[in-house]
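Heads up, the next two complexes both have chain A, just with different partners, chain B and then chain C.
This part shows the complex of A and B:
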């Protein structure tokens, strides 16, 4: 599909896109980790928010700062910062997430040397009044700190940005819903390219490109195939090959609960009233990532609901090796699925995927039993 | 270190700390009391080691520490077996060894205490030590089907913001309300103040105990402190802690007066960073002693007294959260470096030994940077050993021995 080309180009080399964008616009780019970054505040200053995924190859510098027991996301991100691949960034933002990102922020601040470094120290629980108040206070503080670095953000501009982001989220959700209705309409690789680009691309251009994609998809009506329906659960998936392997093995992804998926776009911010409060409210209401607390089993119940709502036949957990929050949640989430007779498998992701043949065999034997 | 007098070398028995026996009695009584809580109509709360325990003591709830149990499991060489059970339950081998051991012990009643720890009536989790406890206590909340209170202490990278201070103060009030709901009793603020005073007194005494190691030779080592630490962790706020540490302090001062050091011929003084390697404390202690090196202090044992000045005895509710948030591993590595610098000077150490602990990411990630900064700013050698607080599968004795020997050679040549 022609509309997809731009997404492939960006997702293959997000840094090249951002550098080009900076040259063309003369504006600034801000790197961030984690879906808990209120991107609207960054966009509101006119800067480009860009999620850092990090390299998965040829680690040469990061190993002298990080032990072996730290995840590939942290290591790859630091490697890109230390080797200068992120030198085009005007600043970086670290929302508080897990123990590893927390220390990465320190190492980054002391070694990477970007013009500014902002820690957004979010609450870890989101289910009490005082935590939500603190979350709002933190977002106000983040706004003040960003304004110091990048210039003022007016409430009008922020509200307009919130509307833009909501429209983007609606389109992303529409793509997901179309795929759930007929998984043959778009490949998993395509969706991956779209979502990854969404965290990088100029958000106005993104809106236009998504609009075109949705319109084009609406015209497609491929015959539904017999593929099994799969849900992906976990954190960050930066391995587009997984989708082709799955499709070859006879399954298609119909939904996910990934940071590089629904966790990025689910939940709208209120378009009326105080814009910062609307942003805080969105995060307080959204299904949590496992590094945040909102009841002891909300994610497990939510996963069962997702499987039901999208008539999925199985779940594949994609968990980065050394990711503590996800690894702690895996056993009970699997148990919740087991109780409903929903088959699942766990794939622990390292820098590199397992050898192609090995992965194909694992996927095939799982999909056969569905 | 020049001009020190050579200490005569007492027999090993003479160097044993006599108070140890009393300490064991106190801990045994504490666990008996906790195991028989129901008979005394008392409630049991499981709480994290850095959590604000004073309100529990003030409301007559018995606090139980899964982390202390984790240390006992590690020291009794029972961790691997329990960790493997947790791994069969689906918990990754890369997760914290305390969490894996405790989750398995909860499910099986295993570990050194027959039948395991007494069941909790509710849980209190303070994330000032890590994000792991949050996930671990969620597991416990689902398993025991009991209420969980989370005391959230925002991490301090470059500042402790006013917003965060307000948030933790508010949580102390919520914590009190939670305890009132759980116990069905009204909070007694007079009693809380009294407990707070005892707690502060205990922390100051603990610091004095640790400070005896400023003396050369040190009357005890960090390995002894790891053992005596159990009381300040589990029973602070109770008179018995004060009585015990006073007794211990007297004994240590007496040793100083008589010139008895823990290491027969102390020539080198080292600082330990991170949790102990519970299953190898004796081996490590002997290894360093064989080089005439004493580990005279540790960032770990210091963590239960270093924030004492932040506690306002007249406003415990207002200051408890501030102190809890400010502990050593809830701050950035540059702030840790500053604290290390203070300890390096105070205890006059010749080198730093950092335990890179697979079980504890917030304590360990960043150590490579700290190591470089310590060597540069304080001009002392710093060693990193890769190990684990309890999981013996993550310990390579021969490799660590070689590294310690090489490190000690560096220190010796530097002091020559």
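This part shows the complex of A and C:
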């Protein structure tokens, strides 16, 4: 599909895209980790928010600063910072989520040396009144710190940005829903390229590109095949090959619960009233990632609901090796699925996928089992 | 009707030629090292198995390929994962099988079956070779013993030794330091068997280990490994007559089901 080309280009080399964007617009680019960064505030200043995904290169510099039991996202991000591959960034933002990202922030500030560095110290528990008040204060502080570095953000501009982001989220969700209705309509690799690009691309251009994609997808009506319906759950999946392996083994992803998926676009921010409060409210309301807390059974119930709503036959957990929030939550999530007799399998990921033979055996055996 | 299962493993390739139908019978089998050229290995192993069965290749109606090299069995009618095949193979000998411990050259797997022999869950080792046949191969070399002597030697162990390193390379250094400390070969081997079962049991505990427990794969030929598992799981481990061919046998059994199904469809 022609509408997909731009997404493939950006997802293959996000840094090249960002450098080109900076040259063309003369504006600034801000790198961030984790879906808990309120991107709207960065976009509101006119800067480009760009998610850091880890590296495709060999890790040689980062390991002299980090212990070997850090995940490949943390090690890879630092590697790209230390080797100068991220030198085009004007600043970086670290939301307080897992331990490794928090401590990476300090190492980053001391060793990588970007023009500005902001920590967003979020609450851990999100379902109490005091956490909500605190969260709002944190976002106000984040806004002030960004304004110092990047210039003022007016409330009007921020509200406009929120509307843009909501529209982007609606389009991403529409693509997901079309795929759930007929998984043959778009490949897993395509969806991966779209979602990854969404965290990198100029958001106005993104809106246009998504619009085109949705319109093009509406014209497609491929015959539904009898592939098994799978949900992916976990953290970051930066491996487009996973989708091809799954499709070859006779399964298609119909929904996900990934940071590089629904966790990025789920939940709308209120378009009326105080825009900063609306952003804080969105984070307080949405289903948490395992580095946050919001009641004991929300995540487990949510995953079971996803499986039911999208008539999935099984769940594949994709967890980065050494990711402790996800690994600690995994037995609890699996238990929720087991209770409902929903089959699941766990695949630990690093920057490199397991050997192809092993991976194919796991996927095929799991799919044979469904 | 005659069918065949070909299991192209990381270390050895196994072929079973099976008489399909109501009373199944293994007519011939073969095990050879998997060479660099899979196609040649597969051809050779199949023709040796056919020779032992005194059967001509054209008399085989259905062939299933399995194992990590299954996609290189170009002439196979179907390819199935080794997990499904070990399930069928173990269920054939032991209808009460509920948990299979399959340790091959590079993988260790736990497979859970329901009472009909259907696979309900499985777990596999991660990338690392600890707890696999390769681990024992490396250690046999260090200890200057033959791989197939290790089981018997470990029975003569008198002192308990723990090899605690997770990694094959580090465990090798640990073994070398035990040698220099003057430990007996038998005791070290016994410690190594304990290291294998210590790696594999947690995999199974995640899924829950139910009786009967069957062990398949080349490593199951090692009696020392079996008794190490039996001690730690406090349960009898059943081992089929030739545990190494269970994957190939399972493939042949699935092949016989497939031919029965196509026949039923034709009728």
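The definition used in the following text is that the second predicted complex is superposed on the first by the 369 of 370 C-alpha atoms of A that agree within 3 Å, B and C clash if a C-alpha of one lies under 4 Å from a C-alpha of the other, contacts with A are read in each partner's own complex, and residues count from 1 in each chain.
Keep this in mind: a contact is a pair of C-beta atoms (placed from the backbone, for glycine too) under 8 Å apart; a residue touches a chain by one contact, two chains touch by 3 or more.
Values in this document were obtained by computation on a predicted structure and should not be read as measured data.
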Looking at A:324, would you say it contacts chain B, chain C, both, or neither? Reply first, second, both or neither. first
Which partner does A:203 contact after superposing on A: first (chain B), second (chain C), both, neither? neither
Using the superposition on chain A described above, determine whether A:109 touches chain B (first), chain C (second), both, or neither. first
Who does A:291 touch here: chain B (first), chain C (second), both, or neither? first
Classify the contacts of A:130 with the two partner chains as first (chain B alone), second (chain C alone), both, or neither. first
Tell me which of chain B and chain C touches more residues of chain A. B
Touching A:65, do we find chain B (first), chain C (second), both, or neither? first
So chain A touches chain B in one structure and chain C in the other; where do those two contact lists coincide? 348
In the complex with chain B, residue positions of chain A that touch it: 64-67, 69-70, 96, 98-100, 102-107, 109-111, 119, 121, 123-125, 128, 130-131, 133-134, 137-138, 141, 290-291, 293, 296-297, 321-322, 324-325, 327-332, 334, 348
Note which residues of chain C are touching chain A in the complex, please. 68-69, 80-84, 107, 119-122, 124, 126-127
So in the complex, which bits of chain B are touching chain A? 89-92, 94-96, 99, 127, 130-132, 134-136, 138-139, 141-142, 148, 150, 152, 154-155, 157-158, 161, 163-164, 166-167, 170-171, 174, 332-334, 356, 358, 361-362, 364-369, 386
Note which residues of chain A are touching chain C in the complex, please. 343, 348, 354-355, 357-358, 361-362, 364-366, 368-369
